[in-house]
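Both of the next two complexes hold chain A, though its partner changes from chain B to chain C.
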Partner chain A sequence: MSEIKLMKGNEALAEAAIRAGLQGYFGYPITPQSEVMEYLALEEPKHNYVLLQAESEVAAVNMMYGAGGAGARVMTTTSSPGFSLMQEGISYIACAQIPCLFANIVRGGPGLGTIQSSQSDYFQATKGGGHGDYHLIVLAPNSVQEMVDHVYLGFKLADKYRSPAMLLSDGAIGQMMEKVQLPSPIEYKPDKPWATVGKKSGQERNYLTSLYIQPEEMEEKNIELQAKFKKIEENEVRFEEYKTNDAEIIIVSFGLSSRISKKSVDMAREAGLKVGLFRPITVWPFPANKIADIAARKQVKFFISVEMNAGQMLEDVKLAVNGKKPVYFYGRMGGIIPTPKEILTAVQERSRS
Partner chain B sequence: MLEEMVFAGFGGQGVLSMGTILAYAAMKEGKNVSWMPSYGPEMRGGTANCMVNISDKEISSPIVNEYDIAVVLNLPSLHKFEPKIKQNGILIWESSTIKEKPKRKDIKTYDIPAINIAAEKLKNVKVMNMVVLGALLQINSDLVKKESVLLALKETLPERHHDLIPLNEKALILGGELVKQ
Partner chain C sequence: MKEGYKLIYQKPKTLRKKRMHYCPGCFHATTHKLTMEVVEELGIQEKTIGVCPVGCSVFAYDYMDVDMQEAAHGRAAAVATGIKRMHPDKIVFSYQGDGDLAAIGTAETIHACNRGENFTFIFINNGIYGMTGGQMAPTTLEGQKTTTSPYGRDPKKVGLPLKMCEIVSQFDAVAYVERVSCNTPANARKAKRAIKKAFEYQIQGLGTTFIEVASNCPSGWKCTPEESLEWLKEKVFPYYPLGIFKNPEEK
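Moving on, here comes the complex of A and B:
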């Protein structure tokens, strides 16, 4: 049975995690996502999950490693400075191949920064973030509904590939309320023969580690991981297109800025400009092939990457377009959200030059 | 239909809950809504606001360029949002505390002395936001039905405050009557 509710993004994320069979949440409060743990704390008596406020994000990520290693469905949420603190642990988790879900409700940085909404953690989310060669599966929700849907999807993909997955969201989506349809709760029955839950007699010992001291073994592990990442890139790319079929100008935008850009597209169309929106839903794996296809279209004049940062996804768009068309950028930084009109003006300026 | 609105005032005046009740009522009518609060340092004694969009179609951007309706309950909010109202848009301002009049001639302005009304006629200044909301619903009756707002009040107010619902209802009615006069 599904229910319609008016919910904040953070609360919707928490409720979705419960419905998706959450077994453990380990976190440390930080604005603008503290409602997640608040919500889970209120709901805890009615459910069967473990909720633990860790002493820091460093502790929380290692609790994820431990509980996830025991096969539990685990999640943590944080915001930018907190996510930085988690990077060492995430690298370990990626190497040990522990399925788990992270959400970064991004705020403006660098440093302690601001509590206002930003998208300036794109590099950190999509390029690994910690040390070593690895990727997280990164979903970029742009509505409260997707905060729910991507929790389900994130958990599913994490299990499917034995890989950490994450939601790259932002403060505004976390704080805003929208109508949301909540899916039916699922009874989570993990099928994880690799989990370290105690060895039965006559059975090999399960061993989860990220330490391979012999370089030959470490390279073997890397080859295995890269093969997995390749499979994810082949199978899990997700994107959305809006009025791109006849478009001469393509806005590429993810998360909150894609919502704002959508309005800019409609305003541009009213002004007689053929603008379309391409929105990566998975920012890793990045929909590079689809962007390359669009770049090859004759009528496409240029791309403009619209982000709430100094131009991070811009690099991925440029790689995908591969010089076939110009790729420009428009963005605001430090927690400032652009208006639809600002984006339209940036598009118009580029189309005149 | 797409109505782009902003509700602004001091933290504690009930601007966020006014927006929430309206958004909830619209959702109950099957409309799409978005409610985006200002959050952060400005909420602690300073100015708070929320942007509310109501539409029967999909809402693309929760952030808008200009507003169809601005409801302002303090002077800084009047200064901030009066210039951002669309031509022929609506400005509702709390006239018992804001002593400066709006300047624009190309918008419709409504002065609502909600704080005085709530204090004198309802003996509870806390419901002044409902006086303002009542006025708004009278000015733009297409937004949501009054029954939906009453339902929203019941479903969004914590149960321990349900004894205040009749008072809130009275405040809504008084606000509507102010506009009729």
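Moving on, here comes the complex of A and C:
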């Protein structure tokens, strides 16, 4: 049964995971996302999932590999420094093609950084993050409701493509309280003939590996993976547009900064500027084709990428626009959240120059 | 069977028909066989899931005919934890070298043992990094020469070799710890018995079971297989004594 509740982003994410049939959670505490494990720990007696606080994020991601490889629906959540520690494991998971769900509730870096909200892990999330050629499916929620919806979607896409998927969220969305509609619980029945659950008699054993020592085999594996990534790019791009139809100026923004940018759009419209917002919901696969279409529109004068980092998605926007129109950037770093007014001012300055 | 012949020994059916890549005389091959004989004798081939490490035994899944996962270097204990927690009714083992289990993976090893994860460690301690060409391991003996300790291991600089059986037998949740070897047929039989007991205790749900094989690496030690057996007797066993460190039957 679906339900409407007032919930904190991190708790909504945890509740959504339970409802989506979570079977294993492995994590290590880090602010600003520890509420996820705390919520799951409180709820544990009522459900059937396995919850284990690991000795590190390195261990947690490898428990995900083991449990996910043995067919379970598994999730871990962390924040930036912890996500860095998981990268080696994610690279193995991507190559061994183990479906599982990650959430990075991003805080400002580099280093130990700040516990305040940031978007400075965009590169790490969308460009692979670890060693080798691979991608995760990366969803960028901008509300507590989407924290819920993207858990369902993330699990579904992970299974569909035998791939790691992740939520690229941030501290503010993790901590904010909003009304959410919680979907009805799923009875999860995995269909994973490749999983290591014990060799069936008369059948070949299952094994999961990322080792292909002969370069020809390794290249073949890479070709297989790239074909999968291409399919994901063709089928799973998601985005939202706000007042872009007649817009002359396009703000491109994801996650938390897109929420703020939406207000800036309204303020700009009141001030007589035709501004629209383009929000990638999947930051990988990136909606490059759609941005290219918009760039081709005659009335569009320029793009401005608004992010809480030093300009990371900016590179993807530039690649998509491909020189057709100018692409500018406005951002704050280190855990500072820009105000709608600040973004509006940046847009106004660009439109005057 | 040809007339007049009697079958007295054959490879276990749980070993795949694949030529092993191990160097001549290496105990990895022996330990693979012993482990798979145990799986066959216990009739648990369809319920067993193995985890192989990064090290010379990285290809163990090519030889062992059970479901397997290949872990990142040092993480086999975490991977085995993930599998066993999801499938408590399955028999899970990790198969790891000394660099894997006692250097890069020490944290995972110690914590899995302290939690009493109900799987079996098969720990191949050959005192060296075999796969990468004979570098110093956490278990390299004092004075032992390797490519990264060319003048011999200096404990003042890098400490003394780690004794994993002695360490993990301290944990309450660890059920069974034994150090074995394969340097003689008698010892190999003992090693097999130990692996079998470990699996049986796991099936009984007693907690972590940990079998260390005081192993050899003729290639890394730069000696013949025969000389490696001498080295084991003269140098390794005095520092790493064989025997049971923890026995659930004595509780």
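Points worth noting:
Simple rule for what comes next: the second predicted complex is superposed on the first by the 353 of 353 C-alpha atoms of A that agree within 3 Å, B and C clash if a C-alpha of one lies under 4 Å from a C-alpha of the other, contacts with A are read in each partner's own complex, and residues count from 1 in each chain.
Convention: a contact is a pair of C-beta atoms (placed from the backbone, for glycine too) under 8 Å apart; a residue touches a chain by one contact, two chains touch by 3 or more.
Model, not experiment: these values are computed from the prediction.
Annotation: superposed three-chain arrangement on chain A; chain B versus chain C shows no clash, the two fitting side by side. Applying the stated contact rule after C-alpha superposition, one finds that A:102 touches neither chain B nor chain C. When the two complexes are overlaid on their common chain A, residue A:62 makes contact with chain C while staying clear of chain B.
Shared-chain residue A:260: touches chain B; no touch with chain C.
For chain A, the partner that touches more of its residues is C, with chain B and chain C as the two candidates.
By the touch criterion defined above, A:208 lies against chain C but remains apart from chain B after alignment on the C-alpha atoms of chain A. Of the two partner chains placed around the shared chain by superposition, neither chain B nor chain C is touched by A:161. Within the superposed three-chain model, A:26 lies in touch with chain C and out of touch with chain B [touch as defined at top].
After overlaying the two complexes on the shared chain, residue contacts for A:178 are found with chain B alone; chain C is out of touch. Legend: residue contacts after superposition of the two complexes on their common chain; A:286 is shown touching neither chain B nor chain C.
When the two complexes are overlaid on their common chain A, residue A:200 makes contact with chain C while staying clear of chain B. Geometry note, superposition on chain A: angle between chain B and chain C about the Cα centre of chain A is 120 degrees, to the nearest 10.
Nearest C-alpha atoms belonging to chain B and chain C sit 30 Å apart in the superposition, given in whole angstrom.
Residues common to the contacts of chain A with chain B and with chain C across the two structures: none. Residues 4, 6, 31-32, 114-116, 171-172, 175-179, 259-260, 262-264, 266, 337-341 of chain A are the ones that touch chain B when the two sit in their complex. Within the complex formed with chain C, the chain A residues making contact are 23-24, 26, 50, 52, 54-56, 58-60, 62-72, 74, 88-89, 92, 96, 196-201, 205-211. Only residues 45-49, 51, 58-59, 61, 65-72, 75, 78-87, 90, 107-108, 111 of chain C touch chain A when the two sit together in their complex.
Chain B meets chain A in the complex at residues 20, 23-24, 27, 32-37, 39-40, 59-65.
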